[in-house]
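Next, two complexes with chain A in common: one pairs it with chain B, the other with chain C.
Up next is the complex of A and B:
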């Protein structure tokens, strides 16, 4: 199929490409996204999903919009985030974890070395000789969990834990239609 | 708590009784207790709470608000280096480091239960014309610091010589009056203005002050006569006159000199205000940093009482009763804001009030209250004596009279300069012997930054308004660093009451520090201006609203000083990203490429 053919909507507008990812998050934001329910059908009329847990594509291509759930707790999170930034025209921090570090950042007042030692070496019931996993395939954890805007430029913030489906829907429609997103009263929720 | 509880050395009861067990004197009681104990043990606070009928939480809440009150031992010697940009320009930071080295302490750290000494920084102590300066035990000041003084001081501390026994010349505070005009040149004879006012009557005095066009000298420039008239008209009984001697705006020290040289004119101005509005109660809110002035001010008050100029039936006029009490602040810039000041006077945390109602309707303990700056009261005395027409003929159309400038920074002759309003910045620079000047910060960090091409502008409410500070920077200075230092000041002084300012000032500091550390990108500038916009639009008081001024003022004029700090077009983290993997690397023993992160990706 000629790829450019699918880029046009019937009304002449270009189809948009959307990528999503969950970094140090709980997938709650993605679940909330799915809660737009039948509006998903309207959405896929206008956008193609690129890399996302919804498509299970592992590599990201050039995208119009990238939605990032979760903050940065590992080296891999940083790498994925940077790939998203490099490939997405517009990058959105979705949810409390992406915006502030959220729940995972609760560990920031603890020493990572101590946490790892307690979990993998000192906990009762561990097999003798248990050690902190050191397989090079495993992403190393960061000393502290960081919100994503501390490492890459973020264009929009969509607050909530999670943001409601209505908030996500209204936000995406604004973006797709070229309006500066405004959630206003009722759609902004912090719990 | 240390083994020998200091409370055994002091009886809080005596201090409490001295203040009539008045809960509104709480800040004063805590200050005096601490002067005896060195800090405020919970045991003492509990006794204070019981005696005043307050809860321990209330008392601790107040004690915890003020920087000069301590809930844990801070050392028998508490040394605070004045940290205004002018002190820094005179080398204060190296001296602080030297003192710390010699005493084996870390700046800002308090080690152990009963440390001998702690060394830290504090906001401007108002000694910019004779800095670098420091404050010891929230009482004595040491001016003109140099390496010799610092070395000797370390020795005196190590050998536990009490501060009052330190060389007297160290705490010499000079009143450097470099240019005197009508206020500084000839202080009026004691009581003369009062006699003139009594001849005119309260209403006549009010009209005279209104006609003079006098506007407040504390910053906002509100019409003094109008303020008084509002207070006089306000419903309710009791009237209060408050003199704002908090002088917290860094770079300002004119009120210090006025209180030291012309206290009589200040107190007379307050008494005139009392006469005009019908007040019986007066307060001077003296910043804690000027504690060293207290005794001499009390002596002037005492002398005025003896002369029949304070107390009951002042000047023999039946019913003209008025007296003045001096309250000391405790190291909080926000308490210069008039509603915070009133809260503090009432013995509470210095959080700004919601306005309206304004103090003229509901001020000290709900009574109609006027708050005026020290210099404003001096002007009132002069006007009452010499007439509104005389005053109005000085200065410009909208800014009558003179303005006293506290000149410091890069100039040959720092000190006080009094000029009629309308005087050009160039003229002041010439007079103070400033050479190769690139900028002047007028009115302190919350004021205006003026660059070379604007030196012909003049100081007046209709052009460049000023709260009294005039800090000069020559071409050697980095104006970004000046702004960064001011931004730190605001974050340090934010009272924390409202989120935009509490969080916003911290975010400003973080971004400015990030630029300074070489991690800046244009995105950081965007973020800075966004925060500034939020601060201006949503802060509860003037502190938050002006916290972004240094950024905006210097950016507009010294943009390259910012731009040369932008290292990348893309945002870079403000921290060392690879160092964030250090613990996991260490714990796992890994050092493969996947165990590292590039700073920029």
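Up next is the complex of A and C:
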């Protein structure tokens, strides 16, 4: 974000690069990340943001930490996830959807074609001639929603819907200080 | 030997645990206020020994603590890296075999499966999700059955048979196809004599057997296992 920032912290440690993305998620995990509030100022003492909604970079560079919100709903989600995996030393599945598919995965026992037909063609109140969108720019949907660890190696899982700001802060501090993240009672939550 | 006999103790992770004749290791441990993770065991019912979460080590053998008779001088290991890892994998298998979407489950925060997973630091599923297609039975006017979350612990089977005298539930099928059966010609709960006051209506350790028209009476975040870890909570259903 700030190319002139020193690569070293005053205590000699290297600054870390952090990327975040939302795949088939609702951005709730990102909102919870913002809920660390003034601790964001402490965070940017130690990390630079790479690709993330904070920076609006379109391409991810080499990063120390990648935080992935959301599961895999479309081929574009898979592509972004693979780019994150290839560029991040430590990849973290953040939130229920990245971890087990979450709410979007509740469509998994239904037929995708049937869902699209019911939503875009057969629902009452649609304009005549309504059809399933097929613009070539729209990413194709996957038959089933998948959690991200089913496609790439995931280093850590940070559960919650969303994980609380305190859980995110505790987790990031463990990572930044080189400890294996451990949440413990009160911070480990699936809801 | 009488229960007051000082010799009637076994050793659990270096602690002396007193027991009475005929008691199992898990029952005595629980009565002594110590915790061995478990799911299908309940203090009011005979052990079922199916979930295997309470597996402990006695010498060279791995055995479920819920069916292991306590014996004087028995040396039992439970809180070891090996057993913590085994329990983690068992819980991860239970999660992926069903559909556990905790954020939309009324049992969240009060669920023994979830709380036990917290206790073993389970952060993710490790295995691939099955996403099984399982039905919801909303036929009964007062009780909802969401079988997506059934862990086949058989507590409702035992409670209905032994306390309610009804046998509304049974386990059927084999292996991965094992599932909960409802004993009525239609297979639906509404066609049984099940009542919301039955013991079986309040025994389910997860979010399968739920009262209708009661949601969020206690807010998420303030529920039983939000307040304290399951290792410190009262034994049994609330």
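The rule we apply is simple: the second predicted complex is superposed on the first by the 186 of 191 C-alpha atoms of A that agree within 3 Å, B and C clash if a C-alpha of one lies under 4 Å from a C-alpha of the other, contacts with A are read in each partner's own complex, and residues count from 1 in each chain.
The definition used in the following text is that a contact is a pair of C-beta atoms (placed from the backbone, for glycine too) under 8 Å apart; a residue touches a chain by one contact, two chains touch by 3 or more.
Quick caveat, the model's predicted, so the values are computed rather than measured.
Overlay on chain A: chain B and chain C clash in the combined arrangement.
When both complexes are overlaid on chain A, the residue A:105 reaches chain C alone and has no touch with chain B.
Within the superposed three-chain model, A:185 lies in touch with chain C and out of touch with chain B [touch as defined at top]. In the superposition on chain A, contact is made by A:144 with both chain B and chain C. With both structures placed on the common chain, the touch criterion links A:79 to chain B but leaves chain C unconnected. Taking chain A as the reference, the larger set of touched residues comes from C, when chain B and chain C are compared. Shared-chain residue A:132: touches chain B; no touch with chain C. Once the two structures sit on top of each other via chain A, chain B runs into chain C at 168-176, and not at any other stretch of 6-14, 132-140 or 168-176.
Touching of chain A by both chain B and chain C, each in its own complex, is seen for residues 144, 146, 150. Of all residues in chain A, those touching chain C in their complex are 93, 96, 99-103, 105-106, 108-109, 144, 146-147, 149-150, 154, 156-159, 161, 182-183, 185-186, 188-191. Residues 95, 99-105, 108-109, 114, 117-118, 121, 123-126, 128-129, 131-133, 220, 226, 228-229 of chain C are the ones touching chain A in the complex. Contact residues of chain A toward chain B in the complex are 75, 78-79, 82, 111-113, 116-117, 132-134, 136, 139-144, 146, 150-153.
Chain B makes touch with chain A in their complex at residues 521, 523, 570-571, 573-575, 577, 579-590, 592, 594-597, 601.
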